[in-house]
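Here come two complexes built around chain A, the first alongside chain B, the second alongside chain C.
So, the complex of A and B:
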């Protein structure tokens, strides 16, 4: 990796001032940033360490219900927090199925959604043709090795997926990212955080340069929720496909459903159509649920080798609805 | 008695606490760090290299290219070199990832930064790439192998007219099995530190064979082997990738000579996927012919593996069919599909590992067709003698292994149909295990001191298998002293020459040499005490006639003789043991898997491995080897593959984040490793045979057979990943 200057932010103001300098990145747990530096995916001149900022690692109840999780909270601390584990099992499970215990002790919840795709072309030790890594160099995966790539929302400029598990759960929970920037604070809906490739696949999220996530707000608890992660090995592996589901139930009937699929697009993919149709359906009516979910895959489009992921994603969503319905508060 | 006792590893504490020193931990005074620049195209020529940018990096001392390197003094042809060409000897590019320059710097960071700034210009030529995975295309691309030194066994064999017998057989199987290229992925990436003192070279290396490195480098520089010393204290896993001399070992020594300073090259993980060996893609066409009762009338086994444009490494998968079943006819053929790829090499359980995947899957298909229990089909075709040569076995207790394994698993009482456990469908499968026996000459020396301590010396290497524990155990057993009183010196070419640490050969060869050296000490001592060597035994620092009450203290005998120690030497010469016998190791593996067909998931629930391998020196380290083999086999079955990108001519992911290998969570605790009670005195005076690889054979077939049992899906292309299970 190339040399860079390192500085520690002493407070939020300082972080925002330093962070908006040219070619500057933030450092939280460092578990993803270090990979980029080693691979040459990022070549910052300055790295601003956020870990000394105080007050950003707390998990607190919000007055009107819901939780606020500080951006610097470590993944394991979030997953094992009682309020999270009881009220938002989908998030707790998504985190515990991420990475390894060691990484989760270091990685932060605020840094997690910033992780980049696992596309092998993008992550190579030298720059291969890849629009995300070098805009205009082409997408090698489009007609290459793409069996782990997108089935939703892709175009010819990039067919990669966003691999974050926690982000998928946060989208299903309608979480809000609370940010600060020199030009003002914002509240960004989790589903608007990641952006589809368009003509600029190297732009991955809605944040402005130097903008800082300070917290993540979760609305009212979602005890009937579950996260299902499919992968060929049992642990320490990214998903082939994942499904995050949160249900509101009245008896056995579904009164509200939220479903987000992970690792199927460059953002967690909400199955909005299915969510509407599931209202009023019995959570035990597997056939009806399957029919509704299968019907909501109209926009799914396979690549040369990713068609199986469409079947897998449908099955995962159906199964995750069942798991969520059975989750006992 | 210490042979047969389950000692825990003597080297365990230093390894788990990180105090064991591996090659990349070593630093020599004034040392330079070397980082390699590799080709980004698979075929063509280097037309120019601009070193300017790299030389501007602070700390970069030199950039070496083919224009700077001395020519090899002896042609590099075949082993001990891993490839019969050495990079930086000319401007030709034979494969992507070939070394094209070496940057030397005062620090690793500077060398890495420099390497990124080296600008290489190429004139690409059309590369030959692996053909698509379909038998007709593979068959068309395949060529008869050329022997440049990398067939370790004969590529063709036939007995009787197997093709005719298959055509006539009432029951036949004709199927194709395939598996992708896979890398060894040892935890420690290869590393080497080379330093010259005048014309004498010392090399610290991560290797499976210090003496091969010594001979190869001596030839490279045209100096006597005695001028080259190779030291390897610990090798952090190898599995075959450190068996022969890789480019980095030669380049470090050449660079150290040019620079006049010690040079250390510690490979990156990407380097391991760039120019070191791997198990190539293997495609196998199996044919079985049998009568209505399942008695085999013929086996045909046609194998094609990926090889390079310069050398044909031949993956001897047909060894499985050559040795496992009593068949009157067999037709076995191995061919190479040549492409501009890096040179493959042997990987844990070469030959039989892939071969048993095909043979034992095909046997299961035959059993299903016949409606026969797969275990009964195997017993019906049991080979009492070597089916290829008719020679007797040195020892074979496979029948016991089958029966005892079946009992431990509950195979005979198993449910005939798969059953459900929640969303999982549970299925069971079995396969035989088989591995060749490789033995190499070895020597050892044992010194017994007056104070009752001893030193065992032999130039073997520690690749993590447990030899640091079992060789002292063997000597302790003869000398009647505790293992803790033994100092074991190994991994150095100044010690008595031992064979390589591959081919599951160490216990037989090196172990027998240590045994003989310890016996030599005992014999000398007996003579000093006026006892007949044939009748003595030693215990608690004393020697006496076996069974007699009277014994003499070793210290007294040495003191009287005015000696501070007794030196014994021993050797193992494979030609003197077991001539005329066929030697193999055998076993059976039974597995239970769960398949979630909707979610494409496959998980191992339990396994029993039962083995016929001769005498077990240490049940604990032996179990670890076989268990490790089963895990290795699970990886092959369920996930491992190094995806090759033909349009770029490279392995796509050159890192462990893009290549899955099993983790602890994949391996259930319910795995039983069982050894049949057996001593094979013909293979080696130790009475044991090799165990490092056997456990890895048969597992992939047993898993695929269990998947078939569970789902009715016959998967013939490894690994068994979600897309194949939900298809």
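So, the complex of A and C:
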């Protein structure tokens, strides 16, 4: 690990004033940043510790429904909070299926969406061609080992996926990231946070340098929601594919459906077409649900080794719809 | 805000206040092992992937390889060396011995620290729940069945 200078933010103003400086990064739970520093993925000169900031770890009900979760809330504290577990099972489940008990005591909900791809070429200890790691050097995965890579939204510059489970649930819930920056505050829809590779796969999210997530707002409760994570071992493992689903039901009929797939693209992937077609369908009509989901994969495109993920993702989405329908408030 | 490449931190470790001068890069794990010779806490992967470095930070289990010592300034830390009281093993340590819950023993300090926290958290309502909430501690010798038996025995000691 290269040396850096460490500073502790005493207040948000302080963090914003210094955070826009050159070669400066924030530190929250540290579970990603420390590994980036070890691998040389980040080489900051200054690290600003956010963990002493007060008032940013609370979970509070919003007037008129919904919840606001402070960015520094630790993952376990979010998942085990009664309002989250009861009102937003998809988020609670996505978190509890992330990482391990110890890691979730450190990792923050605001830091989680900043995690970078698990692409082995990107995380390699020696320098390999990788446009994300070293812009312009090429993509080793495109014609290399890409069985864990994208099926949606990729191009030849980068075929990686965003691995966050919580971010997938937040996109299905239409959550809002509330940010502050020296130049003003913003509200960013969760689905607009991560960006597709384009010609600049090293640019991964919509935040400006020095911009801070202070909170995440969840709209009205989604008790009929569920998270399904498919992986190579049962626990403490990243997803091969995941599906986050939130339903509104009128009797057994679906009146609104929101579906986000995880680990299939560089951002959580909404199945918008299927969401529209599911309105009015019975949540017990497995055949109809399957037909609609399968019909909404027109944009899916396999790499040399990732075709199985298309089948897996379809099955995950169908099963997650059924799980969400059965979730009882 | 002041930025420093070297700083002085004070941590309460196993009940004793320790003041140390550290490089900003120093992790809590390296501080314990290299500065304080508390080598019970193990370095397996140094990437958050194995759980061998598990300690309690302000009462919660964490991977000490992912915590900067600077960030833990002022915190209370318990390591495997701090569990036994007055020469008597902690019930979880005794349960691991009684149930042969290790072979090489490298993962054991982390397993024991995780178990003590797990019982406090109450994530012990079924074998499946124990396995899920202990999954952050890998055991290359695959002593998992014996570890689960030790956890279950330690819960009974606590309840009895």
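Please note the rule applied: the second predicted complex is superposed on the first by the 329 of 329 C-alpha atoms of A that agree within 3 Å, B and C clash if a C-alpha of one lies under 4 Å from a C-alpha of the other, contacts with A are read in each partner's own complex, and residues count from 1 in each chain.
The working rule: a residue touches a chain if its C-beta (ideal position, glycine included) is under 8 Å from a C-beta of that chain, and two chains touch if they have at least 3 such contacts.
These numbers were taken from a predicted model, which means no experiment stands behind them.
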item: Which of chain B and chain C A:1 touches, first, second, both or neither; value: both
item: First, second, both or neither for A:18, with chain B first and chain C second; value: second
item: Which of chain B and chain C A:235 touches, first, second, both or neither; value: both
item: Touched partner set for A:99, first chain B, second chain C, both or neither; value: second
item: Partner chain in contact with A:173 - chain B first, chain C second, else both or neither; value: neither
item: Touching partner for A:27 - first (chain B), second (chain C), both, neither; value: second
item: Contacts of A:9 with chain B and chain C, given as first, second, both or neither; value: second
item: Partner chain(s) touched by A:46 [first = chain B, second = chain C, both, neither]; value: second
item: Shared contact residues on chain A - chain B and chain C; value: 1, 3, 234-236
item: Residue ranges of chain A touching chain B (in the complex, touch as defined); value: 1-3, 40, 118, 120-121, 123-126, 128, 140, 144-145, 147, 228, 230, 232-237, 240, 308-309, 311-312, 315-316, 318-319
item: Complex contact set, residues of chain B against chain A; value: 40, 109, 112-113, 116, 268, 270, 423, 598-603, 638-639, 643, 645, 647-648, 652-655, 657-658, 660, 662-666, 719, 721-723, 726-727
item: Interfacial residue positions of chain C with respect to chain A in the complex; value: 1-5, 7, 23-25, 27, 46-48, 51, 54, 57, 60-63, 65-68, 70-71, 114, 117-118, 121, 123, 131-138
item: Chain C contact footprint on chain A (complex, rising order); value: 1, 3-10, 14, 17-18, 27, 29-31, 34-35, 37-38, 46-49, 51, 99-103, 105-106, 234-236
